[in-house]
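There are two complexes below, and they share chain A, which is joined by chain B in the first and by chain C in the second.
Presenting the complex of A and B:
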């Protein structure tokens, strides 16, 4: 079976579009597009909200409310929204199916980004915050120059888990007549073409891993080294070390 | 994660991409034939249309391959919607697709004025409704009652019953009783007295209504009836029919034949029925088939049918 899955993935005919079948390349792009749009919108909504709630301490109930969104059954909401929205769109358009899908994915992504951003800002060391205020920084400066950089590791972990969830869940777009990698999973099951079904699953998992790796790289180069304690070993200034020892020697 | 693992992951990703580029190309053999639309240089009506239906319709013998083989119909595109469900109906209604694979008794066909394209070459196997009953329980009285029902069942009539149950949320049993009295079949008597029967049904509304109709008619004629409705898929209930825990079931000639004999090739109503009578195990018999069918059909909107003057599936292969 593993061999058949590999053969299926390895077949260039499956990567190209044909008359009745959409190839892996196109579906992969479609999948990435669904996910990227949903994550971007979720980030635009949840990041500022989380920063403000964490900074002011007001509106905490919103965090709890957002977390209850996690309990929504995604497929149920998708079908409900489709029944309500899809009949309003006529002609050669899949907007009527695209809107419910994106709403569902955005709702899925918001809670983890929002609650992690909030927790990140909330948990900044009070001494650091006091020091910033003591230096005469305004509230806005404290938030953007101190609290935001300090909470970046938690914000990233929230965004990364949202990304994984969205990439995995975007397969339900294929429950409606939309593309995406879910197409292979649904169609493979219906056609009893199991290599295709598992191949689709492998592609989703692969995409999730690659996305997480990319976000890890972004995180690595954006989070302050003062927080991670990750200093380059090569650039330890030998001269300074030497001068310290010399000073010590002199003192003695 | 250190730099070494990162490099390793990148190398693995590059390798797998490279490998996938040099595998065997299946598209050359599988699609080469379908790229040309119809006869040389001309565009058929079908090639301008988008067909929608379940995923397996692309590969099923009576799906796209069958349409091509029997009628020379090759659609412009195929969109996967769902199996005769709400997504297919709304996509067809709103013009995301032009033709759809729906079931002939689907109430939404009448509700939306969709047109069922005739299938003169029987691409879709006949699916006449037929009662399958255990031989031991099929007394002359029981047979007469059930065959009387079969004579009155029509595809349109069944569609109306489904509308009542599915769209107007009426009780299937009440709908069944109403139908019997409307068709003069509700007379009480004793022609089935002394017979003990268990009537079963699959888990979709149409089959439940049929089971209720059989059950109510037999009850009125003095039979002692037990019903086990909404059993589930054929794999589940067929075992019950075989071992005698269920005595009577409303079946569809084409699918039950295909279920018993995987290699069955009959498609026209009479051929399928004859093959089914032969294929049934010795303890089960098939009563008369009804004119009513619940089969797959290619359905288009009234506007599309008028625009291209479509009556049969064969019309789709014409140039237009």
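Presenting the complex of A and C:
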């Protein structure tokens, strides 16, 4: 079976579009496009909201509310939204299916970004915040120069887990007549073409890993080393202690 | 000069943190606010830079009402040091120190040059500049906290228990260096602590607050120790206040006796005229410790370092009576060792002689306590 999956993936014919089939390359691009759009919108909504709630401490109920969104059954919501939205669009357009799909993915991504951003800001050491205000930073400066950079590790972890979820869940776009890597999974299942089905799954997993790796690299170069603890462990001896030791040696 | 004019802080639930507080923190001096927890000392401090707004009364810095100035602008002109330093974990030490100059729009190169100067001034190795706060010990972080507060050269500094989270040895070191720094800089400092010893050591004047935010007494450390105004202050100042008050009493020259000495590494002396204890000095005549001639075994023929009793403290000529008395009490021979300012031996003095000096000073003690009161 593994060999067959490998063969399916390696067949150049499967990667290119033909008159009857859409190839892997095109479906991969479509998949990435769904995900990127949903993640971008979720980030634009959740990041500022999380920062403001964390900074002011007001509107915490929104965090709890957003977390209850995680309980929604994705496919159920997708079907419901499609039934409501799709009839408003006529003709040769995907929009009627695209909108429900993106809404579902955005709703899926928001809770982890929002709650991690909030937790990141909230977890900033109160002494650090006090010092920042006490030295004369305005509220906005405290947020942007101290709270945001200090909460970046948590924000990144929230965004990375949202990314994984969205990439995996975006396969349901193919439950509707849309493309994406889910196409191979649904088609493979329908045709009992299991190498194709599993191949689709492998492609989704691969995409998720690559995306996570890219985000890891971005994180590595944006988060301060002072927070991650990635610095040389070489200790500088305290100058005064050193002089004391020398004096002791001299005395002996 | 910082002036409190009947300043009160009442919370909506009715708790009174600070009640009608009136006092003046004179320019160039350290005013210590001390009291048990819940006495409103931190609240009072934080009202100066408007981290907390008073509900009644006024606080003036050099005759300018603080509530009439934009809070952020006000704070940039006031150094602020807190208990756990509160360094920015994402910034290097040099950028932490340069924080306020950055806020004030000083150009980066200039701000960093100034920060570098301060890092060295507070006694840190310049190699720390590129490190992050998590790589530093608590004491080192606190030094950075002080450097950061000094970076924009503010005339006023507020310090909220800055040394209470470090171990006693480091605390002592930080306190000494803080006093040395202050003697150079002459800032107007308001310092909050719950530790009366720290208050007495650091304060030019000490304000003792009682629970509910009332000022119990404002006085110089010497006056506080010798004349606490009431039971509360007396209790807070503590039991050994008579002894500790000697810290502030100096006598001119101590009349010392010559002390027989032996040099480290020399043969063990013998002779009928010797006392049981003999003082050991090094080649530069700096006292090293006492040698007990009775306890020595036959094998001990030279005076070596491991035979010494090092328990005795040293009194400095011209120092306080507390130092002199402590030298006597801690010396195993009962003779207190008196040294010159360069630590070379002058001679010894007995506890009885120090007590005689204390007895002699008693009438004059009133003049010491009468001076320096800033109470209004």
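As a convention for this text, the second predicted complex is superposed on the first by the 231 of 252 C-alpha atoms of A that agree within 3 Å, B and C clash if a C-alpha of one lies under 4 Å from a C-alpha of the other, contacts with A are read in each partner's own complex, and residues count from 1 in each chain.
Throughout what follows, contacts are C-beta pairs under 8 Å (C-beta built on N, C-alpha and C of every residue); 3 or more make two chains touch, one makes a residue touch a chain.
Just so it is clear, the structure is predicted and the values come from calculations on it, not from any experiment.
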item: Fit or clash between chain C and chain B when superposed on chain A; value: fit
item: A:137 touches, of chain B and chain C: first, second, both or neither?; value: second
item: First, second, both or neither for A:226, with chain B first and chain C second; value: second
item: Inter-chain angle, chain B to chain C through the CA centre of chain A, in degrees rounded to a multiple of 10; value: 160
item: Which superposed partner A:190 touches (first chain B, second chain C, both, neither); value: first
item: Contacts of A:2 with chain B and chain C, given as first, second, both or neither; value: neither
item: Chain B versus chain C as contact partner of A:127, first or second or both or neither; value: second
item: More chain A residues in contact - chain B or chain C; value: B
item: First, second, both or neither for A:15, with chain B first and chain C second; value: first
item: Touching partner for A:150 - first (chain B), second (chain C), both, neither; value: second
item: Least Cα gap, in Å, left between chain B and chain C after the two complexes are fitted on chain A; value: 21
item: Chain A residues contacted in one complex by chain B, in the other by chain C; value: none
item: Touching residues (chain side chain C, partner chain A) in the complex; value: 49, 51, 72-77, 80, 82-92, 99-100, 103, 123-125, 127-128, 131-135, 137, 140, 145, 148-149, 158, 173, 305
item: In the complex, chain A residues that touch chain C; value: 125, 127-138, 141, 146, 149-150, 223-227, 229, 231, 235-236, 238-240, 252
item: Complex contacts: residues of chain B adjacent to chain A; value: 1, 6, 9, 13, 19-28, 30-31, 34-35, 50, 52, 54-56, 58-59, 64, 74-75, 77-81, 86-87, 90-91, 93-97
item: Complex contact set, residues of chain A against chain B; value: 7, 9-16, 18-21, 82-83, 86-87, 89-94, 96, 174, 176-177, 183, 186-187, 189-193, 210, 213, 216-217
